[in-house]
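Shared between the two complexes below is chain A, which pairs with chain B and chain C, respectively.
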Partner chain A sequence: MISFKMSPHQIQVKEVVHWFAENEMRPISLASDQHKRVPDEWLENINQLGIQLSTSSFGDSDSTSEESDQTEKRKKSERQGNRLAVIAAEELGWGDPAIALTLPGPGLGGPPVQASGTPEQKRRFMSIFSRDEPPRWGAYALTEPEAGSDVSGLKTTAVKTNGGYILNGQKVFITNGARASWVVVFATVDQKSGRAGHRAFVVEKGTPGFSCTRLADKMGLRASETAELLLEDCFVPEENLLGGESYYEEKSAGHTGFRVAMQTFDNTRPIIAAMATGIARAAFEYTLDFVQHEYPKHGRSFHTASTILAKAQQEIDASRLLTWEAAWKADMGKPNAKEAAMCKSFSGTISLGVCSRCLEVLGPDGVEGHLVEKLYRDAKIFDIFEGTNQIQHLIIARHLYEPLGVRI
Partner chain B sequence: MISFQPTVDEIAFRNLARNFAKEKLRPLARDFEEKRQVSDEISRGINELGFSALELPADWDGLELPLISQVQIVEALSAGDLGGVQGFRGPGEAASLFRLVPAHPLFNKIKKTTREKTWPAVAFLNGNKPNHSSSLRLELQSSGGGYLLNGTSRPLRMAKYAGYLLVGLKDTTGEQLLIWLEDHGQWRLLEGDYRLGLLASGFSKIQFHDTVITDEQVLAKGHEAKVLLSQMLTRTRVLEAAKEVGAMEAALDHAAVYTAQRKAFGQEIAKFQGVSFTLADMSIKTQAARHLVWQSALKVDDRDPEGEAASQSALQFAHQSLRFVTDCAVQLLGGHGYVQDFPVEKWMRDAQAQIIFTEGESELLLDHGERLIVGEERGGLHDFIQNVAASNPG
Partner chain C sequence: MAKAIEEYSVQETGQKIEQVLNENPEPIKEMNVIYQYDITDEDYSFQLHLADGTAKVSVGSPDKADCTIQMSFPDFKKMLLGKLNGTVAFMSGKLKIRGDIGKAIKIESVLRQYNVVDHL
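Here is the complex of A and B:
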């Protein structure tokens, strides 16, 4: 039965995360943007409260392998982890997307470990995130200076050696890349074999030959750390190859690092879309409140603001529903690559548009010390990371033409 | 729990509608347009399969389906041909009013004919819509125990075939009235030269000259009329938006198939990103429009106070997307899209006509936005409408 009503559990998650966003994130939002970092003390306190950013931390597929095994046994219809995750992510995006991305936890590195890791790897890498320990992070390193959207162009190499692999290459735009305890790094064992040669490794902090060379200054998301990583003759033991050798040897199963990377996106794109929706909603609510208190209730300005705000609310609703659909499909165990791309594409576009038009309503006042100016700068990246809007279009088009026998 | 899974019954009914649309409506679409009406055979099929009775109350022998079920069926039908669907003779928008006040005594006659499956056409004149033409003015003047109605309406769908006329209009004092007319002699048709689209929909202006409206012909007045009209329009907006999603789906599918086969520069044009990205945009807009329609349907079914605003939002987005998607379909077919060998040029014309003859994008946005900013105490409307329905003398 079609229903857009949240269950009591979903409502509870939304309310709890919203409370956190409003009372913990918002008060430090503008200052964190100004200082380009989230205060360490704040992160420690948050970690002690057990609040982490994990793409699965709000859902059913929780961190330990035992629990995951339990989850697998549940009926598909009972799964709601992806829906819970997007509900929570919208609230975190509403609070502050840069701080949300800085919350301790496995971050975008979590899904590939969960999806492709061996039980031992899941236990080893996911168990470090605990409220009883100092805050820790995971990260996901796919993009390179010359290979972003075109993943097949990866240049980071992994050469098999005794007991492991030697990695060489450079990674850019890596969220939490410097502070992460481990990073899922994608590399190729054979550039000539294209995607089939891709592998995913977990590279641990402090590994000789693995370093952060720069933290990038950005238009927005300034409180979020964006690192450039260098791998110089970096030895990674074979037990850190995600899934182990046997995972890739089953060629009939089609396992490649590329597939690991793409499956990750199917899970994470709805979450990114939800955060973008939250950003748009934050700008909308802020501007609506401003207009209600500052604008006359008649005349040209009022009518202009009315139509802008109505359009904003409409686009936010549509964005949320596209995102929920992608998450629902994932919960049902159905392929959701097209829907994940659709919600990512739509939300990235409307988030920036809503922020832009809200700034227009606020006028010149809006650029001085108002939240919406920051949201506008933050929103743009949601049109770019986790696959640019153009890549989302490509994915959608592929799925539209596939049944018609055309491969694009 | 959030779910996008239709029920088994909805899937079955939707599939029935899809087959009818594909096998009956689509092949005859050009014929309907040329003859300016939907054939009797198709009308019979529509009625026999129950598609005319989706919104009608159960004690009218209607199906009284929730809107969330109706929108899926209506979308499937419209994917066959929007022009054909808008040419079905039947209660039209008035079905939603019958649903709201099924026992009103003024509806006894049409209720009887409907139960006898003769399906008379009803035209709806919403005199409250903004009117920018000085020649199209309606004046309702209080006179004696009733009113005098003068003037000319804008072109109305189904006016040409209507046996009944539902009029929503304010009198000269500004009081809202809902009027039910069932005597052809009370109005005159002013047929015109329509070429844009929805040409099988029986468009005509209606002219009144000192038409006497008795108190017995007034369904409701004042606040009661305003609320009924508002509730009726809320339901019809959702259904019209669903039809528009169906038309988008048709254009999207056709453009996908064509561009997958058409070759230029030695390869399928689908392989050019200017083409494939456009198709992706069409797909996103169609899906987003569908979700907003579903959301508004669910809200109205749940008597959510935000149902009216959701219906305005859904219809405005559907309008905008329909214009975009049908235009893109023509563009992707190039010259073939412009000539009548393919259906997309018709769908683009139908789309524009559909947008014009329902509520306009700007007014929908403005109304929605004003509600957002100023707010409105709408909580009582649902209770009120229930009281109207429950206390009706019929």
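Here is the complex of A and C:
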């Protein structure tokens, strides 16, 4: 059966997160963009609310409590963390995508720790995010100057030493990289062995040899921190190798740092897609309102604006449905790499297009110090991070055609 | 010795909230709102009226509430003890809100300031 009807719980999540987006995020949106920073005081206040941008904050919340009946409960009720997360992410993207990425929590660093960490590591790294403590962040550092789309060319090295590893290398474009309490850093123990040599390490803030060298000054998502990180003879203890040594030793299980890195994306791409959909919706709603109030109610220009808006609505709806499907598959435990890539590339593209056309409809009003102008700059980045569109299409093609024996 | 919270009935819990709030009305000074709590597993409702710096609890639903919060009694107690985050409870479906969402978020942060644990 196919149903597009949201459950009462899903509707509630949408309403509450929308309330938050409208009443807490929007009022500081333009100023945060201008100052290229989300105010610390705001972050402290909202940390106490506990709204996060991650799948782990929904439904599975019991995993952090000591309740013994949690596994039983989870079996009984259908998992819906991914669907709730995309519903919430659309509203947060609508509110302000840069602020959404700055909400306290493990961020992109969460999924690799949850999926590959030992129980002890999960406890140690995830328990620091509490509303009774100051706001904290996690981060995910894969990209390097010479390795973005093609991560098999990773150059950060990890050399085994007594009790741990020595890391050397540089990471660029790391969201929340400077403010993070810990960063999941991908490095190679053997460059010759390619992906098989990749490992994921949790590097904690303040570790000697680990520093932030620069913050990027970007066209969009300006309020979101994007850091360059440097690892110079940085000693990381063995217990911070994600999953532990044994995790990688068992060759047959196919565990590599590369797999850890890529698994993350199947869960996070739908969230990024949902945020892009939210950006498009924000631009669309603003422009619809403008046309209703400012345009003459008849004639060519009104007619043109109406058809532009109708097409925008169509693209937003299509983007949401692709995203919901990818999230639903993840909740069902089905492989969703293809769907995650599809919704990510589709939503990034339409988000930018919708914002662009909305700017045209708004005319000169739209281009200066204006919400839709900002959304347009923000939307472009959704085309790039978490894998560019070209890469998404490569992934889709592989999933579609490799089973037929076509090598891509 | 005072009773442990585990032994409080839902009626006693409501009265206790009223008493604690009135002993130190500072955090509710500016508030003018009616909350309704529907305790689902006990089939019991009470309202918390905040006005002019005083708190009044009444049984049932005598007035029109600005905001209704529905949850089970064990979860309600956990929330008062600070063991359950309102947002988390909400996201996981343990808590439902009808009416003004902003006011629901507000009351949780207000009750947190009281450290109700110390009084129970």
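Going forward, the second predicted complex is superposed on the first by the 389 of 408 C-alpha atoms of A that agree within 3 Å, B and C clash if a C-alpha of one lies under 4 Å from a C-alpha of the other, contacts with A are read in each partner's own complex, and residues count from 1 in each chain.
In the analysis below, a residue touches a chain if its C-beta (ideal position, glycine included) is under 8 Å from a C-beta of that chain, and two chains touch if they have at least 3 such contacts.
Every value quoted in this text rests on a predicted model; they were computed, and no experiment measured them.
Model built by superposing both complexes on chain A: chain B and chain C fit together without a clash.
Computed from Cα centres after superposition, the angle at chain A between chain B and chain C reads 100 degrees (steps of 10).
Residue by residue along chain A, chain B and chain C are tallied for touches, and B comes out ahead. When both complexes are overlaid on chain A, the residue A:50 reaches chain C alone and has no touch with chain B. Contacts of A:396 after superposition: chain B is touched, whereas chain C is not reached. With both structures placed on the common chain, the touch criterion links A:159 to neither chain B nor chain C. Using the contact criterion defined above for the overlaid structures, shared-chain residue A:131 touches chain C, although it does not reach chain B. Of the two partner chains placed around the shared chain by superposition, chain B is the only one that A:345 touches, whereas chain C remains out of contact. In the superposition on chain A, A:306 makes contact with chain B only, not with chain C. In the superposed pair of complexes, A:31 makes contact with neither chain B nor chain C. In the superposition on chain A, A:6 makes contact with chain B only, while chain C stays out of contact range. In the superposition on chain A, A:367 makes contact with neither chain B nor chain C. Once you line the two complexes up on chain A, you'll see the smallest CA to CA distance from chain B to chain C is 14 Å.
Of the residues of chain A, not a single one touches chain B in one of the two structures and chain C in the other.
Put simply, chain C touches chain A in their complex at residues 82, 85-88, 90-93, 96-97, 101-102, 105, 109, 112.
Considering their complex, residues 1-7, 10, 68, 256-257, 260-261, 268, 270-271, 273, 276-277, 279-281, 283-284, 287-289, 291-292, 294-295, 298, 302, 310, 312-313, 316-317, 362, 365-366, 368-370, 372-374 of chain B touch chain A.
Taken together, the chain A residues at the contact with chain C in this complex read 8-9, 12-13, 15-16, 19, 23, 48-51, 57-62, 84, 88, 131-132. Here chain A touches chain B in the complex through residues 1-7, 10, 80, 83, 288, 291-292, 295, 297, 302-303, 305-311, 313-314, 317-319, 321-322, 324-325, 328-329, 332, 342, 345-346, 390, 392-394, 396-397, 400-401, 404-406, 408, going by the rule given at the top.
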